[in-house]
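Okay, got some structures for you below.
What follows is a pair of complexes built around chain A, which joins chain B in one and chain C in the other.
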Partner chain A sequence: MKKIEAVIKPFKLDDVKEALSDIGVTGMTVSEVKGHGRQKGHKEIYRGAEYVVDFIPKVKLEIIVAAEMVEQVVDTICKAANTGKIGDGKIFVLPVDDVIRVRTGERGKEAI
Partner chain B sequence: MNTVTKPGSGGQGSEHEILKYLTPREALSTLWKKGLKGKELLEQHSSLMDSFIRQRFLDVQGQDHGAALVALGGYGRRELFPFSDVDLLLLYHPDASYRLEQISDAVFYPLWDAGLEVGHGVRTVEQCIHDIEKDFFFLVSLIDARFLCGDHALFQELNGRLADFFSHGARSRFARDMMAHREERHSRFGDHTYLLEPNIKESRGGLRDLQAMEWTGKVLFGLKSLNEFESSGMLTSREYEGLQDAKDHLFVVRNRLHYASNRHNDRLFFEYQEEIAKALHLYDSSGLMGVERFMKGVHQSLKTISIASDIFFEHVNEVISRTEGRGSQVQELSSGLVEVQLGDRKFLGLRDRDLAIQRPWMVFRLFAEAAKQDIPVHFGTRRQIAEIAQELKERWISSRRCYRYFLEVLECSRSIQVLEQMLDCGVLTAFLPEMEHLHHLALHDIYHVYTVDMHLINTLVQLNILMDEMKDVSMGVDVPAVLRLSALLHDVAKGTGGGHAEKGAEVVKGVGERFGFTEAEIDCLSFLVRYHLHMMDLATRRDLEDEGLIIRFARTVRSMDKLNMLYLLSIADARATGPNAWNQWKGALLQELYLKTAHLLEQPEMIDPDREAAVRWMRQKVADRLGEEAEAILSVLPEDYLLSFSPDAVLEHLECVEQLPSQQVVCRPEEKGESWSVLIVTKDRTGLLSKICGVFALYGLNILQANIFTLKNGIAVDMLDVSPMQELSFSDIDWERLCADLRLAVTDRLGLSHRLAARFRSIGVQGSKPLSVKRPRVVIDNSTSSFFTIIEIYAPDSPCLLYSVTKTLADFGINIYKAKIGSSGDQAVDVFYVLDHLGQRIDDPEIEQELEQALLYASEICLI
Partner chain C sequence: MNTGDTAFMMLATVLVMFMTPGLGLFYGGLVRAKNVLSTILQSFCCLGLVSLVWVFYGYSMAFGPDVAGFVGNLDWVFLKGVGIAPGPYSDTIPDLVFCAFQLMFAIITPALITGAYAERIKFTSYMLFTVLWVTFVYFPICHWVWGGGWLGSLGALDFAGGTVIHINSACAALAAALVIGKRRGYGREPIHPHNLPMTVLGGAILWVGWFGFNAGSALAADGIAALALFNTQVATGAALLAWMVAEWMKQGKPTTLGAVSGAVAGLVAITPAAGFVGPVPAIIIGLVAGVVCYLAVLLKGKLGYDDALDVVGIHGVGGVWGALATGLFASTAWNSGGADGLFYGNFHQFVIQAIGVGASIGYSFVVSFVILKVVDILLGLRVSEEEEVQGLDITQHSEIGYTN
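Presenting the complex of A and B:
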C-alpha cells in the first residue's frame, strides 16, 4: 500500500476529485496549505500601493491506494491538475505500513 | 418473599408485581417501549427506584429509629432520567452508627450491582450542615431533598437546620454563588462545538439553567415549583407556558438521548440528532430536513430557557443588590428613556410600557440608543416589549421612524448584544417578518455553527468591524445602509429548498421598498444577496490567472462601489459562519480576485457595454458556423482577438489551425490593394516572433503593422501588414520559398543571424541619419495589467528593429502573448505583452534593468 500526497492548485480540486472518482478512488483527505516555490506569491500594484502575498494557496490531497494502483492514480492526478503553467504542483508517493478501519477493525487492503 | 410495598410507590397493579423483579432501569425500559414518555417516564422511574430502595432498606432496618434514606438532586425532584445518577443520602443519628454498615450494604450494593451510578453520602445532620458551608453542589442537592424511608423526624431536623442556615443571610450568598457557577458553566460549554451539538443539560439554556432558576427561586423567594413562579408574578403566563413547554420538550429529548446513547450522555451528537428526529416522526419536507426541524425545536427550547433564566437572574441580581444596600439607580433621560445603573453595569430602558403602546417607535429609539452606547436593555423593559411585540407589529412596520432608528441600530452595532436582544424580544422578527422562519433554524452541516438568525446578526456585526478595519475599501462604498441591510438579510431564503441566493435576491426587494430605498438602491440590495456567495466561489474554485474570468466578473459587478460591497460582504459572511470558514488562505485568494478586478475596472473600456455586446455578437456569429464544437473552440479564443477580426477571418484562422498537424506553419499572404497582409498560424514557442521577423527581413519585407495573438491552446495567430523595402510587386516575392524558410526557421533549421548580417551588409547604408533622431525608449510596465508584463519600445523605425528586439526577448526566454506593432510617423511603436519562461511576470528589478539595457542596445544598433 502506498500513500499519495498531491499538492495542486486550488481551482483544480474539483477536476481532480472527479477524475479520481472515475477510476474508483473516492476516499481522500483534503487540506488547505500554503505553498512556497518558484512560483511567486501574488503581487499587485493598485493605486500606487503594492499588495504582496508571500505564500501561494494550494490544496493538498492525501490518498491511500494499493501498490498496483499507484501509477494509474498518479497519472490521473497529473492529467487533471495540469495547466502547463508554473505552480501546477507536485505528487509524492510514500510507503504505508498499515491501514486500519476504526469502525470494524479491518486491516490492510480491505481497510482502504 | 416480602411483597409489601410502601404507599406512594406508584403501583400499577399486577403489572407492577412483575416489574418489581427487574431492576428499575430494566423496568423503565419496558415502560418506555410501551410508549411512556417525558415527565411521566421520569416520575415512573423515580417510583420504581423508590420501591426498589425502600424494599432493601426495610429488609434490614426493622424499625424507623436513627436512620433515614433521603433522595437528593434530580432523584429528589423525581426527575430520574434513564441513565441518571441516583443521588442518595443516608442520614443517621450519631447513636445509630453501628447499624450503618448493614444499611449501606443492603441498599448501595444492589444498586451498584444493577450498574447504576449512586451518590452514596452518609452523614449526620450536623455533618450535613457543616459540609454545606464548603460544598456548594452538596448544598444545592439538599434543596431538592425528599424523604424516602426511615426516621422521618431526622429528616425534619435536617430541613429545620437548612431553613435556619438560609435565614441567616446565606440567601444572597447562595444566589451569588449560583450566578457565578452559571457564568462559569456557560463559558465552559459555550464553545462553537456546543452550538452544533448542544449539551442539553449544561449548555446555555439547558436543563441546568432551568434548575438554577428553580433552586434560586426556592431559596430566595420560597417558590416551590415553576407553577408558583407564575402565581407569584415572577413569570407572566406567556413566559410560564413557554418555559413549561421547553422543559417538557427537553425532557422528552433527554430521555431519547439517554436511550439512543445507551449511557449517561447529554450531548446531542449529530448521529443522535438524526436518530431522534426519525423517532419523533420529523421528516424532510418543504426545504427542511427532518433533523433540521428537530433541531429547530431544540434550539427554540434552549433559547426559551436561556432568555427566561437571563431575565430571572438579572432580576435576582437587582433584588439582592438592593438588600445589600447597593440598589440600582434610575435616571430619566430624554422623554421616555431611562438609564439604570447597577454597580458597574448600565442598562437602558423605557420609562413604562404605556409609552411603547402610545408611541411604538420609542421601542426602536431605545434599541438605537442602546446600540450607539453599546449598553444592554434592562430586563424589565425587555420583558414588557416581548409581551406586546405582536400587538405593535403592524404599527412598527408602517412607521417611517422605526426604519430610521433600525438603520441606526445596524450602523452602530459592534457587538451582537442589542440585535440579539431585539431578536429575543420578538422585535426583529415582527419588524422583518421575512426573518421569522429563520428563528432557531440550524442547518445540518458542520460548517455553519450558528443558527441562521444568529449568523445573520453576526454577519452584520462583523461587517461593521471590517468597515472600520478596511477603510480604503469601505470608503469606496456609496450607500453603506444598503450593504448593512444585505448583511442582515443575505440568507433570508435559507431553509426554503435550494437556490437561496437567487430566491433571497427576490425577497429582499420587498424589504428594500419598505425601507424607502430608491430603485437603484433596491437593485443593489438584490444584487448583493444574489451574488453573496459568488466572489468566494470564484476565488477558491476558479483559475484567477484566466483573464477572461476576471473580465466576466468585472462585468458582473460593473463598478468599484459594488465590488467593494461584495468584497466586504464576502469576508463578513465567512467570518460569521464558523471558525473554519475564514482564514489567511481564503483571504489571500479573495484579495487577489479583488485587486485584479479593481484593476480591470480602472479600464472603462473593459466593462463598456458596447464592447461586451460586440464580443457577444462575435461569439454568436462564430458559434453559428461551428456547430457542435462551438463551446470548446470559443473557450480558447481571447476577447481582444475576437474583437480584432471579422467572423470570416476567425473561421479562416480556425481552418488554418486544423491544417497544422501536417503543415507545422500555415502562411497565407494576400494582396489587398496597396498593402500586403500575411496570416501566419503556428504553434507558439519562445522566439517565434523573432524568427518571423527575421525571415521577413531576409526577404526584404518591412513589417508595418502587426497584430499578434496567442490562443489559449498555445496556437499563435499573427496578422502582419508588410511592404517591400525596395520597389517590388506582390508577385515578385517568392512567397512559397518564404513560407518554406519560415517553416525551417520555426523548426530551428535556419540560421538567421548570419544570413541577415550578410543581407544588410549588401544593402549598405540606409541613407543619412536624420539630424534630430529621437533616442530609443523602453518602458517595462508591471502595473497596468495583472496578467502580463507590458514592454513598450519607442525607437526610430528600421528594417531590422523588430528582428533585433524580438531576438533579444527570445534570448531572455521571454514569451510574447500579444503584440501590437506599428509606427507613428518615423517612430516605431511596439507593444509586447509578455511573461517569462515560467509563465510569470518580469518584476525582478535587476532583470528588468538588464532587459531594458539589452532592448535599448538592440534598438540602437539598428541605427546605422
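Presenting the complex of A and C:
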C-alpha cells in the first residue's frame, strides 16, 4: 500500500477530486496548507512599499491506495491539476505499513 | 440669529465630531492586530481630553481677546461670557455653536498626530503629550489664523484649517517620529496593515465628516458653503484617482490602500482652498495632491524615520501643497471675501501663504519637539521592548481586539 500526497493549486481541487472518483478512488483527506517551492512567494504592496510573501496557499490531498494503483492515480492527478504554469504543485509517494478501519477493526487492503 | 445657519452649523459640528472615531478606524486598520484597540483609543480618547481642556481654558486661548497677535487671553476661562447669543465670530449662530464647531477641530488635530507614534507609545505619555500639545501648539496657531492673530491679520487664507490642522499636526508627527524612534523591526521585518476594510470604512467616514469640516467653515448655510462642499467632493475624487494611477504605473497594480490614502490626501489639500477656489482648480489641487503625497510616502522609506501611518507624507505634504495652491488659485470671482491668487495676478497672496506655511512649520516642529522631550523625561514616551512585542492592547489596556 502507498500513500500519495499531492500539493496542488486550490482552484484545481474540484477537477482532481472528480477525476479521482472516476477511476475508483473512494476516499481522500484534504487540507488547506501554505508553502512554496521554486515558485517563491507573491508580492504585496502597501502604500508603495513592496513585501514578498513567502508562503502561498495550496491544497494538500492525502490518498491511500493499493500499490498497483499508484501509477494510475499519479497520472490522473498530474493531468487534472496541470495548468502548465509554475506553481502547479508536487506529488509524493510514501510506503504505508498498515491501514485499520476503526469501526470494524479490518486491516490492510480491505480497510482502504 | 438665523435658524438656517444655526441648524446647518449644528449638523456640521456633528459631522466633524464623527471624523475622530473615523480616523481611529482608518488608523486602526493600518496597524498590526495586537495594536488595533490602542490605536483606536488614541483617537477616541481625544474626544474626552480635549473637550474638557477646551472648556477650562482652550477656547479662551484660541479665540479669546488677542494678546500681541500670538494667543488669546484667559478672559473666557470656563466659557465665561460664552452663551447662546451670537458671539464675536458670527452674528447668525449662537456663540456656543461656534465654540462647539471649533472644539471638534481641536479634537481631531492631536488625534491625527497619533499615526506617527502608533504601536509604541505609553498611554499615560500619550495623554500628557496631547494636553500639553493642544495647550502650547494648537491653541496658539489656531489663534494666529482664526482667532484674530497675526497670520490672519496678514491676510493668510486658510478656509478650513490646512495650516492650523494639517501642517500643524504633521510637524508634530515628524517631531514625534524622531523623538520616539522606529518601531522594533521597522525596515527589517514586514509590518503590514491588519485590516484594510476597516481602513476604508474609516476613510469613508472621514470623507463624509469632511463635508461638515469644509462647508461648515463658511459658518453659514450659504453659497460659499456650497462651493466648499462641491470642491471637497471633486478634489477628493481627483486625488483618489491620481494616487491610484501613480501607484499602478510605478508598482504595476492599483491598490485599495492607495485609493483611500489618495482620498485623504485630497481632503487635506482642498481644506485651505475649499471656499476660495473654483471647481476646476479644485480638481487640479486634488490631482497634484494624489501624486505628490504618494511620492512623499515613498520617500519616507529612504529618509529612514518611522512615521508609522504617514502623517507627514499625507497631512504635511498635502497641507503644504493645499496652502500654497490656495495662493495660486484663490479667486475673488468665487469668494469676494477672499483674495486673488498668483494665477489671478496677485503674487503677494502667494508670498503670504508661504509665510504662513513656514511660520507654522517652524513653530509647531520646535515646540512639539520640546514637549515630547519633556514628556520623555517625566514619564518615558515609549513602552518597554517586551511590551512592544506583545502589543499595546494587552500591555496598556489588558484587552484584545480579536479572539481566535
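Note that the second predicted complex is superposed on the first by the 105 of 112 C-alpha atoms of A that agree within 3 Å, B and C clash if a C-alpha of one lies under 4 Å from a C-alpha of the other, contacts with A are read in each partner's own complex, and residues count from 1 in each chain.
Just so it is clear, contacts are C-beta pairs under 8 Å (C-beta built on N, C-alpha and C of every residue); 3 or more make two chains touch, one makes a residue touch a chain.
Because the structure is a prediction, the values reported are computed rather than measured.
> Per the contact definition in the header, classify A:K9: touching chain B only (first), chain C only (second), both, or neither.
first
> Examine A:K85 and indicate which partner it touches, taking first as chain B and second as chain C; both and neither are also allowed.
first
> One more residue to check, A:E44. First (chain B), second (chain C), both or neither?
Both partners, chain B and chain C.
> Residues of chain A touched: more by chain B or chain C?
With both complexes superposed on chain A, more residues of chain A are touched by B.
> Using the touch definition from the top, say if A:V102 reaches chain B (first), chain C (second), both or neither.
Neither partner.
> Could you tell me which stretches of chain A are touched by chain B in one complex and by chain C in the other?
In the superposed arrangement, which is not itself an observed complex, chain A uses residues 44-46, 51 for both chain B and chain C.
> Which residues of chain A touch chain B once you look at their complex with the stated criterion?
Touch list, chain A to chain B: 9-11, 13-14, 32-34, 38-46, 51, 53, 55, 57, 83-86.
> Taking the complex as given, what residues does chain C use to touch chain A?
Contacts found on chain C: 190, 192-193, 247, 250-251, 253, 255, 257-258, 261, 294, 297-298, 301, 310.
> Would you mind writing out the residues of chain A in touch with chain C in their complex?
44-51
> Please name which positions on chain B make contact with chain A in the complex.
Chain B reaches chain A through residues 540-545, 583-586, 588-589, 591-592, 595-596, 598-599, 714, 782-783, 786, 838-840, 843.
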